[in-house]
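Both complexes shown next keep chain A, but they swap its partner, so chain B is in the first and chain C is in the second.
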Partner chain A sequence: MTALALSPDASKTTGHAPGAGWLFRLHRPALYVWIAVVAVLAAGLVWLWGPLTDSSAAAWREYNEFCIKRGSCHYDPDAIVRYKDVYGYTTGALTALPFVVAAWAGAALFGRELEHGTAQLAWTQGLSPARWLATKLIVPTILVTAGTGLLVTLHRLMWSAGDGRIDTAKSWYDNLTLHTNGPTTVAFALTGLAGGALGGVLLRRTMPALTFALTGVAATRFLADQLMPHLWPAVTRVTSLDDGYRSAGLGVDSGLVTATGAHIADPGCGPTSVSSTCKTVYDGLDATGFYTTYHPESHYWPLQLTTTALVVAVATALAVAAFVLLERATATPTRGGTEASV
Partner chain B sequence: MTDTAMAATALGKRFGRRGGWALRDCTFRLPAGRVCAVVGPNGAGKSTLLALAAGLLAPSEGRVTVLGTDPASARARVGYVAQDKPLYPQLSVAETLRVGADLNPGRWDAETAERIVSAGDLDPRKKIRALSGGQRTRVALALALGKRPELLLLDEPMADLDPLARHELMGTLMARAAQYGTTIVMSSHVVAELEDSCDHLLLVGGGRVRLAGEIDDLLAAHTRVSTATGSTVPTPMDGSPDGAPGGLPELAPHTVVESRVTGRQLTALVRPAGPLPDDWRTSAPSLEELVLAYLRNPQAAPLTPAEPEEAAV
Partner chain C sequence: MTAVAAETPAPPGPARGSGADGRTAWGTLRTVLRLHRTALLVWAAVVPALSGWLVWLTEDAVKEELAAWESCQRASRDLCDISVGWIGYSQSLNWVGLLISYSFLAVAAFAGGSLIGRELENGTAGLAWAQGITPVRWLTAKLAVPALALIAGATVLVLVYRWAWGAHRTLTDNGWMSDDAYLSRGPAGLAYILCALALGVLTALLLRRALPALAVSVAASGLLAFVVAQYRGSFWPAVTRTSTATGVDLPDHAWELENGLLIHGRRTPDVGYWICDGTAAEARRCLDDLGVTGSYTTYHPESHYWPLQLVETGVVLAVAALATAAAFLLLRRRTATASAA
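This part shows the complex of A and B:
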């Protein structure tokens, strides 16, 4: 099936096949909007990375040094709030980006064209349906990967600059930050693009294709969140009944450890240092401590990369399905057709 | 032997696995260089046939060849204008033509495309979404002709045009057909619209080909006869499917397309199988009469000379 994109039949008769000029002509406004969105978000992230992180970190240092220890201080609460706000907006926008790409691909790039017959118009010009689909997938894939890739890189740099310096900074495993700090966001955006293609080819209507693509991204993100902790071996840490849970990372499982080493469900009483009545509860269960299975920060890249690979595989499957559907619906060159026609 | 512009063998298309057949058992051959009318009522399968030939649909059964190869391989050499003239609404007329140039590298005839557009007093900067139906048709035709097609497929091309523009564009098409030998296939449900300009006919009705061939040959093969019914007891046959050979003994050896008995008067449209009796009054049917007779009588035997007849010529 992958050979489809590599065998544009039009080239046999025209000498050379159409490039991507037509695509830029048709979707120039979308290209400008994309460049503007990436530029604005990148500017926001750079601002956050430099001045806002520094002023917020300074305010926190001031606060921790003087307000807590000496009781009199002049810290800048606005700097802390501004960092938090801009961080929230940019991270939220970057999280939303794959959904925007999905909506655009489903509606404008594929659904509308198939609904209004302009796709068919292109197919009766010098462009085969397979090449039409390939061009419409490859060019936006490059642009979406470049734009989203730049933004997650900046987000990662920005987040690292604030890590450990800003007390209210998001942890690496905060759900939004977890994805905006790495390539999974790029993969989600590509799923949106491929989902838009499949939705368009399958449903041939604007709104249904848009809904299909959005649902696809939402489902992929949900499933990725469910699967991600299991894509890499997690670490299990046991703490005493006094201490309670002590771990910082992406949690997989937690509960009580019994004297035999078995893992059982936590009745939810809490550490014995907080509530002494819990001791009798734990004694009754023969519990000796708490266990947590989790991913420490060192697992960040293995988790990110395996999840990215999985999501990219989903995107590829959607794109291949779109090619197969389109090939079935339209005329394709018969094998050995040139011999038969002689 | 002449080249074939388009040929179908047992071609059929069904929409959906359990849907009805839009076109079935369609066999015909269209020689190159002809202007062919595809005629039939709405929903007869005309659009489906043209979309199959343009490679926009894959056949459910049988096969269609265009310009000696399959529709997908012939894509660059075939022009097609769909019934609703889809164009990119956000582009201007000039930009639309530039997209045509982008999509047909090495083939695009900018001069022809611009001439067709400028003949309609169209401002090239005007957006497609602001055009009238007739202006859209003009731009769609410019796109189709700009790629220098050897075969031009037009689905109800003239429906949105006023008589003057229709005449002018038809003239452009005919000139092109004459100058470059372009084969033109155009569908319509108005027979009169095509009678003057077409030399070949494909009559589609109920998803099947009913008549196919040169219009002159088709007309010559049919005769309108009228005679007294004689001793035969008049049977009610008005347009009924049992007007088949044998229904009326007088018509026995001939293929009856349509027959009607009014009092003692018998009128019929027949394909004579031999000499007709001298006392019968005969006249040549018009194309419209011929088409209507076949459409009114779905059971009449189709006349679709395919390979054998062509070889005999």
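This part shows the complex of A and C:
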């Protein structure tokens, strides 16, 4: 058990509380894995941003220019498929990172130490429980923020490079791209970290804390997806029955508008320009047009930032709860100099 | 630390001496059940929860969309499926399908971390072996009990999903070969779950630490599924349809693997009729110049579902069997040297 790597002598003689060196010694493998994961994903995103985007865009340009308009057709379908595959893998991996952080924090960072009693041992050696928890939260917070922050920045740059040049590129409101292009992914990862702390302090066991943290991130992401469209005023656009829906963006609501201006459900018949028989359906409903309530792309940053603020607030609440719970659980026994009860 | 909840008859000497093999075997099973009761309860909650979700989706949640679709059908014959798959019912069905298909990742985490890794790391496995449970019997019970619980639960899930998936096909966009429906509708899904169990056990025996075993076992079973999925189309001979025209029609619900043109009778993939255009005569002349004699498509019709499923099941179960055999060999070798030392 390497948890004893804490050096009590040094801290006693200097009279200072130990810094963060013990944390790095204890979780060195995790640090190396994190650096490797960030490096590999960053390399993948840079590769995608430069060469793959260019070759895919070139293939699409050739396809649109020659295959559609002229006789001869030479384009590189492999370039298009390669871009799509690597985009899918990197975006999927970046989406999964907050879950990995949560599992690690719940299990390795907090749950395991509390289950094995190495945390309790550390508290008797000049490291107060609050300081122990603070160090365990602050250092990983910095590393996780730096790593995921770098990756979402690269993802954003990469996505922007392909926007409008690659016909099959993901839209800004595609669920995975929506989050991997902005700071919400960083906030989800921090929720995982704080959820791991709370799970560990609350349950004091490795696997339950892991499950708690994972469930926490999944629930936060689900709720954030539900709330996000309502965190900024949406735009409503009415289009004619002939045109059908014409707006592309993060949808909130859609349906038919009646002559009185009321919004009613869409029977799903489609625009009258496509199917004229639908006209009788719409006449029966007294409908005059389609409406869509949605967020255009200009709402991207307001939506991202409000959601990030909300998710960071959740993460902070989880961390505060962990501190309060730990304080309450350790207050009497450690002050009295006896072993903390497990 | 509930890991020491060994239910073996307390004094090892007399219990062995009485030769009560049946009792010891039953005791071992009870130990495993008791030790992993939380996981068992979670599984016992997940199976009815997912089944209930499916029943609710199919029987109740779909009503509104079904009514809308039917009224559209009455109004006009075609184009009613234009909005299918975007929203509500279809999307929820996809989610449940994905959860069932990839539940093997959670099984891998449990098998690597809790089932074996934790016990080896904490030394409770060694304690059990010292108390009248032989290592082989210990591992057999550790594999058999979860395997039975997983087979029972997963069979229920697969059967319920099959029923739900087939109930309103006009309202869904997930074909039989789609990621969320392929594994959740057949025995291959079950095979992946058993394989994840075996891989988790093997990884944990190799690494002897809970969290590294958890991580590696999830990664290994995920990688296996990814690799096997790349070869899925070649598990059964595909059908090729050729035509002298510039395009071939695919039958309904076919899974297309490749299409292209026949140039001097040779299949050239990813090239289409659009290499020539202009008036009909111009296009014809251009195609003749290139030597285009027709077009082809290679696909699996929906009737290939079962052969494909069964071959994939066989492949994955073979991997599971190999992993199980390796786990027993490893355990035997390790405990043999340990007792010799």
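Just so it is clear, the second predicted complex is superposed on the first by the 315 of 342 C-alpha atoms of A that agree within 3 Å, B and C clash if a C-alpha of one lies under 4 Å from a C-alpha of the other, contacts with A are read in each partner's own complex, and residues count from 1 in each chain.
In the analysis below, a contact is a pair of C-beta atoms (placed from the backbone, for glycine too) under 8 Å apart; a residue touches a chain by one contact, two chains touch by 3 or more.
Given the structure is predicted, the values throughout are model-derived calculations rather than measurements.
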Problem set entry | Partner chain(s) touched by A:Pro140 [first = chain B, second = chain C, both, neither] | neither
For this session: Quick one: classify A:Thr280 as touching chain B (first), chain C (second), both or neither.
Result: second
Exercise. Does the superposition put A:Ala107 against chain B (first), chain C (second), both, or neither?
Worked result: second
For this session: Look at A:Arg25 in the shared chain and tell me whether it touches chain B only, chain C only, both, or neither; answer first, second, both or neither.
Result: first
Exercise. When the two structures are overlaid on chain A, which partner does A:Pro77 contact: first (chain B), second (chain C), both, or neither?
Worked result: second
For this session: Have a look and say if chain B or chain C is in touch with more residues of chain A.
Result: B
Exercise. Of the two partner chains, chain B (first) and chain C (second), which one does A:Ser128 touch, if any: first, second, both, or neither?
Worked result: first
For this session: Check whether A:Pro267 is in contact with chain B, with chain C, with both or with neither, and answer first, second, both or neither.
Result: second
Exercise. Given the touch rule stated above, what does A:Gln120 touch, chain B (first), chain C (second), both, or neither?
Worked result: first
Exercise. Touching A:Gly200, do we find chain B (first), chain C (second), both, or neither?
Worked result: neither
Problem set entry | Contact residues common to both interfaces of chain A (with chain B and with chain C) | none
Problem set entry | Of all residues in chain A, those that touch chain B in their complex | 9-10, 12-19, 21-22, 25-26, 29, 116-118, 120-128, 328-334, 337-338, 341
Exercise. Residues of chain C touching chain A in their complex?
Worked result: 1, 38, 68-69, 71-72, 75-76, 78-80, 82-83, 113-114, 118, 210-211, 214, 270-271, 274-278, 286
Exercise. Considering the complex alone, what residue numbers of chain A touch chain C?
Worked result: 67-68, 70-73, 77, 107-108, 112, 115, 206-208, 210, 265-270, 274-275, 277-278, 280-281
Exercise. Can you list the chain B residues touching chain A in their complex?
Worked result: 51-52, 54-59, 65, 68-80, 82, 84, 86-91, 95, 98-100, 102-107, 143-144, 147
